[in-house]
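Below is one structure; the comments refer to it alone.
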């Protein structure tokens, strides 16, 4: 089986998972009758009275038919982009609209931290495995243990205290602790309203588009603490896995063979051990990504960043079904597709998997 | 007797490693506190183990002092008592969640692995689907639907957690099934049920047990995290660590202790649990037993 | 019997194909072959640890009924009644329970064949518990007695497997196998994982049990010397088929099948003075997903004939070599790059731009004839005829191969049979005798 | 290289490897295992010495320790390993020591010393001594192509050879090649007359190249001559000084270290050597009888059968034409017919390369087929060592006798096999004196002391009091 075949097969395997995801969301909206479902699809801002809307919805989604018929109609609506409405303090309108506004910020946050994690985590893990039982090793282990066990939102709070509380040290008040930008800079801007910037909704880009360097710098500063927090929370587990898998690899027979061939230490680690050691790390990336996405929710809540997570928590507090389900779907999709990419990478890394 | 020697050996290896020993002791300490708090709270100076005692005359958080060891949090709640009481709540729920999840998971996993084929396929697809949503958002959704009390929340977490164990137990069971002793048992007329109960489950339990110990720390965190973002609003005065942190959130800067103490309580427990889990894994790894 | 097992969920492998064997009362039957030849699968089929896709196995069937059965047409009413009565694949729950009691297995790897969580006592007692051995309170004494017989003292009862050496574990496994005093034990490479001196101990032990308890063994091993010591009859397997079978002494003293001969000559002899020349088989054991046609051994066979099942693919390979060295580079290239038409299992065509006259075709034939005795070109022996017709664009050569002949068992004297085209059926006067003919079940004389 | 030389070592002294008084211990949780005690033997140039014994007798550890590849838990406590006048086991006491830590023994390592050791040994491993391991499945890197795994040996140890080959192709005039080719076409082909043919024009690497073509198996006789004629190739002129530097200095010249690593330039410098290394690898693979090499070079270990993997291992072992090959049960994981092929291969290598081989096996038959001398090991002791014929014709040590009698003969049926009572002693507290005294049928009081190697015949020593004169 060639690599291409493997990739194609993997792509096909995505569909059942997607069906499952939608099915779960659909069932959740139907637990105990379809009232919650109606709640998701009724638009209270429209002129049409709720009762009428509900009646229409009942017809549109065939709510009186058997459940799988309903699923079918719901799915078609879902695929046509009708995801219902959300009413939260920070946004009120269609679910898709909300996602369009909030997703970019989340992506930025997640992207920054994942990149940081990879460029820090893997070398450190390798290093501490090679220098087993050395001071380096022990300190990285302690670090990863604490990082692994630290509640991420709490870490966020601690950072907030450290960088904002006068009790600690005014010298530390360099990083802003809340929101995505300093309101003072942005009030009565045409392209920035209620925490959302236009056109790309990514403030870092929009500020440059509108040539406002000061806003760009301020926005960048606002990103620092969240990114650091999120990175810290996932870095630990990556280092941990990388270290242990590198340790195993170094005990393999083929490493002994490499030594018997007279290869230098460097060559053994870089050319023989590292690639093998990465394979189990890749397989475990799925869980890391899950942790990352979970972390996003909490961190956006702590730092009031207008992202999907923030929106979802707002929806939870204000009991808004549309927001909850929308958030779940988006996180689910993000998770499924990032795992897809990981698996394809896996195919590149391990020649055995193609056979 | 041999089996006893095995347990002894395990403990010896566990205690040879200082960190895992420390982990074990700390965890035991937490459990002890929880138990005392449940049976005779006054012993550790807790007035009401089942609800926080607000003091609206002085709702603003007070710094740690002699009569308020950890200070107070909004609304005038003695943080020490709240934290101690919360330990009981969090430990209880976490244990329930993990054990329930593990139980379901082992059952599904082992059965799937033993009767491989179509049945296995179905079960694994289901677990895949459950695993295809990151657990935190999924738990939020399920919890929201079930209702936002702690019991509903833990039910939600069980629903999110069991597939992990199912996957894990299945993997273990599959490798065990390959061993010749399973086939030998079949050849000597032992029925399927006998093989599952006598050979597969006992051999699966050990690794799953390690997994449980590694997960407990995570579950405590997740549980607290969910209450932090607004679950458990059903019972505003229930002592719970995540909730305490979110209550203190607005005062974090002016009165840091309101978030520090509950957070540290979680952190220490999670660290201890992970240390213990790692120690157990090493202790039960055959390579380290010779 | 014919077994199938699945590999990787997609590819079906005929691990065992059309194999027949008989195990008589108090008889040791050896099953020899290299890894992946299907001997283990056959062993598991005999105990119904897996279901065959075709074929049957009889247990404790009276000689009379088996002889009768051979005369019947498959699927006929009477045949089915016999099957229902004696075929292990038709057994109902109760009969299966009995069967499990009467048969046992000992595995190769003494490490994975004992449950690491069970004490030796529990392991040996397991079969008795499974069969509700009565009286219960005697189980313990029986366990220690069995261990005693296998040379393990009381002190082992409460030990766990990992505290024992390989040899001791294998003794435990044997004790477990003997627990319900079975009639037939399948020994799947029982000593392959052991050291020579321990192996000797175990083999002697097994021999003793055979003579003392009148057991029957199916002794599976890749180690010919061991098989020779243990078995009364031996079956040689290659790539899922039995190629030679007969009384041990007959097979070992006068091996007939080229594979058996090569196998015997390949055993390293612990004696530096005897420098007998070896027959080195080239190539690998074939992949059973696509086994070679005809006699599965023909690609490696040092004395393969034209009709042993050569396919165009094989012929094309060596033909192109021959053409290369005898001045037909164009044709050779065409063949090498598989630029040729395979018409059917025996015929293929190759086209060349250079025109060929009769003499050149003749010279090709001569070259083929000259080269076909070099073992790497044995495929050429299958070349029956080479014809060419010229056309405007050049010439087309059509090569026809001999029709393969699937070897059948031929008797070489009493109770020694070989399936090889070197011994065409009837060549030795006596054909397949009933002893080995037909469906071959574990046979027991008299009633059970 | 380790500079200390053996005091009584004369350059022309006849043995290649001498192990003396070797003692290896393994520190485990439950105690210290005295795996090997007082093992001494030597390997002469060109000879094949066999080490036989049952599981846990320490034969493998002995072999591995020669290259100082003993696993984490094991240490060399005493002994010397002289290889070509260098003691590979010098200052072992500084590298490890056993310390008691709360009533159990643990190992302390001197990391710095060990790193130095590794660096020093790197020149010997794979270059002067190479190894073939038992498990061809796990001993090859699963995610590294065969080609790279073989060629990296050459790139580590044999840069001059590679550059010489390229230069030779560049330097040799085509007519010279034609002469050689024609000459070879007519006269009988042997290494001698090739050497003399090539001797006329002294071009380093030319002879090797011609022999490599001549001794390849995967080309038919006719085209070999063509190949030789076709040897000449164009080499990028910019890289000539680089190649000359390499063959002169035996390593990449300092001036080129950096440019050679720049991706674009790499192809001109390192790239050349890597390509040549691949070419040599394919020759090596054909020497070990590997079919369709070109695809194997690109392929990965899991695509090969056990026998083929083992051939790859052997190709790597002979790549840098070492003086000594240590083969640790190279055929134990293989089927009988495949084992026969590999043994045949070893015989050919012995004939063509005349390297010494230290051949470890548990199978007396295999040993009998391939070895010139053989040592019998039991429970960490070398109990008997003798010329192969002597040992089989008149074994002296009771263990050797028992072992030989326990082998099931393949040519006749015997009623019961001879056997050795009891089982191997636990090496955590081995019996005092001769370790076989717990099972020996002839045991007597004297056996409580360790017997010295007692000569019973020229080159035949046995550690047993029965033969004390």
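Think of it as A, B, C and D in the order they're written, each chain with its own count starting at 1.
Here is the rule we go by: contacts are C-beta pairs under 8 Å (C-beta built on N, C-alpha and C of every residue); 3 or more make two chains touch, one makes a residue touch a chain.
Because the structure is predicted, anything quoted here is derived from the model rather than measured.
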Joint neighbours (chain B and chain D) are A, C
Fewest hops from chain A to chain C - one hop per pair of touching chains = 2
Please name the chain that ends up farthest from chain A once chain centres are defined by their CA atoms averaged.
-> C
So, in whole Å, the Cα centroid of chain C is separated from that of chain D by 36
Distance from the mean Cα position of chain B to that of chain A, given in whole angstrom | 24
Distance in whole angstrom between the CA centres of chain B and chain C is 54
Spell out, as numbers or ranges, the residues of chain C touching 2 or more other chains.
-> none
Given the complex with chain C, which residues does chain D contribute to the contact?
-> 54-55, 220-222, 305, 307-308, 335-341, 343-344, 362-369, 388-389, 392-393, 402-404, 406-411, 413-414, 416-420, 423-424
Contact set on chain C toward chain B in their complex | 44, 47, 49, 97, 100-101, 103-105, 107-109, 112-119, 126-127, 130-131, 158-160, 162-163, 173, 176-177, 179-180
Touching residues on chain A, where the partner in the complex is chain B = 16-17, 20-21, 23-25, 28-29, 31, 36, 145-146, 148-154, 157-158, 160-161, 164-165, 167, 286, 289-291, 293-294, 297-298, 301, 312-313, 316-317, 319, 321, 324-325, 327-328, 331-332, 334-336, 339
Listed in rising order, the residues of chain B that touch chain C in the complex are 1-3, 6, 178-181, 183-191, 194, 198-199, 202-203, 286
Residue ranges of chain C touching chain D (in the complex, touch as defined) | 34-35, 165-168, 195-201, 203-204, 207, 222-226, 228-229, 248-249, 252, 262-273, 278, 280-282, 284-285, 321, 324-325
